[in-house]
Amino acid sequence: MWDQHEIRLTPRERGFHLITDDIVDALPRLDDITTGLLHLQLQHTSASLTLNENADPDVRHDMEAYLRRLVPGDLPYFRHTLEGPDDMPAHIQASLLGTQLTLAVRNGRLAMGTWQGIWLGEHRDHGGQRRIIATLNGE
Amino acid sequence: MWDQHEIRLTPRERGFHLITDDIVDALPRLDDITTGLLHLQLQHTSASLTLNENADPDVRHDMEAYLRRLVPGDLPYFRHTLEGPDDMPAHIQASLLGTQLTLAVRNGRLAMGTWQGIWLGEHRDHGGQRRIIATLNGE
Amino acid sequence: MWDQHEIRLTPRERGFHLITDDIVDALPRLDDITTGLLHLQLQHTSASLTLNENADPDVRHDMEAYLRRLVPGDLPYFRHTLEGPDDMPAHIQASLLGTQLTLAVRNGRLAMGTWQGIWLGEHRDHGGQRRIIATLNGE
């Protein structure tokens, strides 16, 4: 069985956000899959998708604090600066973390570890609505 | 054909470890797939999966030495510190390298390059047993 | 429907290169898929695949300039140095960015965002021809 949806996420502020529920709620046919996979692909180049801790929000804070220092906005050799100092770091963070994820599905649920959740990394100051193509495949 | 297993890896010390044989040995039905994909998803947020060199162990040493310096444990702005100084760096490394991989399958084998192997990145000092959900799909 | 090809890319210089057309042109049966996925796996450990901006080439320049500084070639603790100072940084960049990608397919086309393209990251000074196993699956 194949099923594909476009999911539109409400705008988030810069940083990391837990979106597991946004994804699962948009996929009514997840229930029908005993064994399969869910693929998620952001349609953007300045945000990211990653799996990480679903509990303590300090982990999301620290990830953002670390990445802001790892990829500063004012590097003197940057040429792609027309869209502001947050833009090129956002492109770099998108590739370091990735913009697509594939997740195991078992017995109608995402087969994630106890502490795993799906994070949106919003790397722009004002990124606006973000779109994801979600593709379910299984039996 | 779909096939899904939970693979339990014996505890490894901090650093990178070649686990291609652990994965292949746990998948007896890999032989039956002419064309397909294998998806691997760690069930943890402080370890990683990546494809890299399967021969010289110095590559694994250098990767670990580099990442320890890239993400030190004592950054003053970290808030998530209750589980020790190795914990927040482990979360960051897990997202930089990723916790899931999809691999091509051809004629009953993983279609990897001559020098490619599957690495477990153990990013905690005492990470313990790690679990992977392995999902095979193909014909 | 499953379809699998080996794609051989002409040698590129060190840096990032837009290869969306190389991939699509090698997959005549992409047209036949209404809903599906395309998986790409580099057969190498010193190059990478990532999704990023398909328009302004300055983004590719800045990504390369940033990564050269993030992972220098002359780190004193590197042991894997026999193949030259560009080799170990190439292994590290390959794992930071990743060597495999899964992409959504819809109505016979890659379901990418307006600004998304497939990038090859060539991380060696003289990497030569690079091979990709492309696996299409869909209905």
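Read from first to last, the chains carry the letters A, B and C; within each, the first residue is number 1.
The rule is simple: a contact is a pair of C-beta atoms (placed from the backbone, for glycine too) under 8 Å apart; a residue touches a chain by one contact, two chains touch by 3 or more.
Being a predicted model, the structure only gives us computed values, none of them experimental.
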Working from the CA atoms, figure out how many degrees subunit A turns to land on subunit C, in steps of 5.
-> 120
Answer with same or different: of all residue numbers used at the interface between subunit A and subunit B, are over half used by both copies?
-> different
Would you mind pulling out the distance in Å between where the CA atoms of subunit A average out and where those of subunit B do?
-> 20
Residue numbers in subunit A touching two or more further chains are 70, 96, 98, 102, 137
Subunit A to subunit C touching residues, read off their complex = 2-4, 39, 41-45, 70-71, 75, 77-80, 88, 91-92, 94-96, 98-100, 102, 131, 133, 135, 137
In their complex, what parts of subunit B are in touch with subunit C?
-> 35-37, 50-53, 56, 58-59, 61-63, 65-66, 70, 96-98, 101-104, 106, 111-116, 119, 137-139
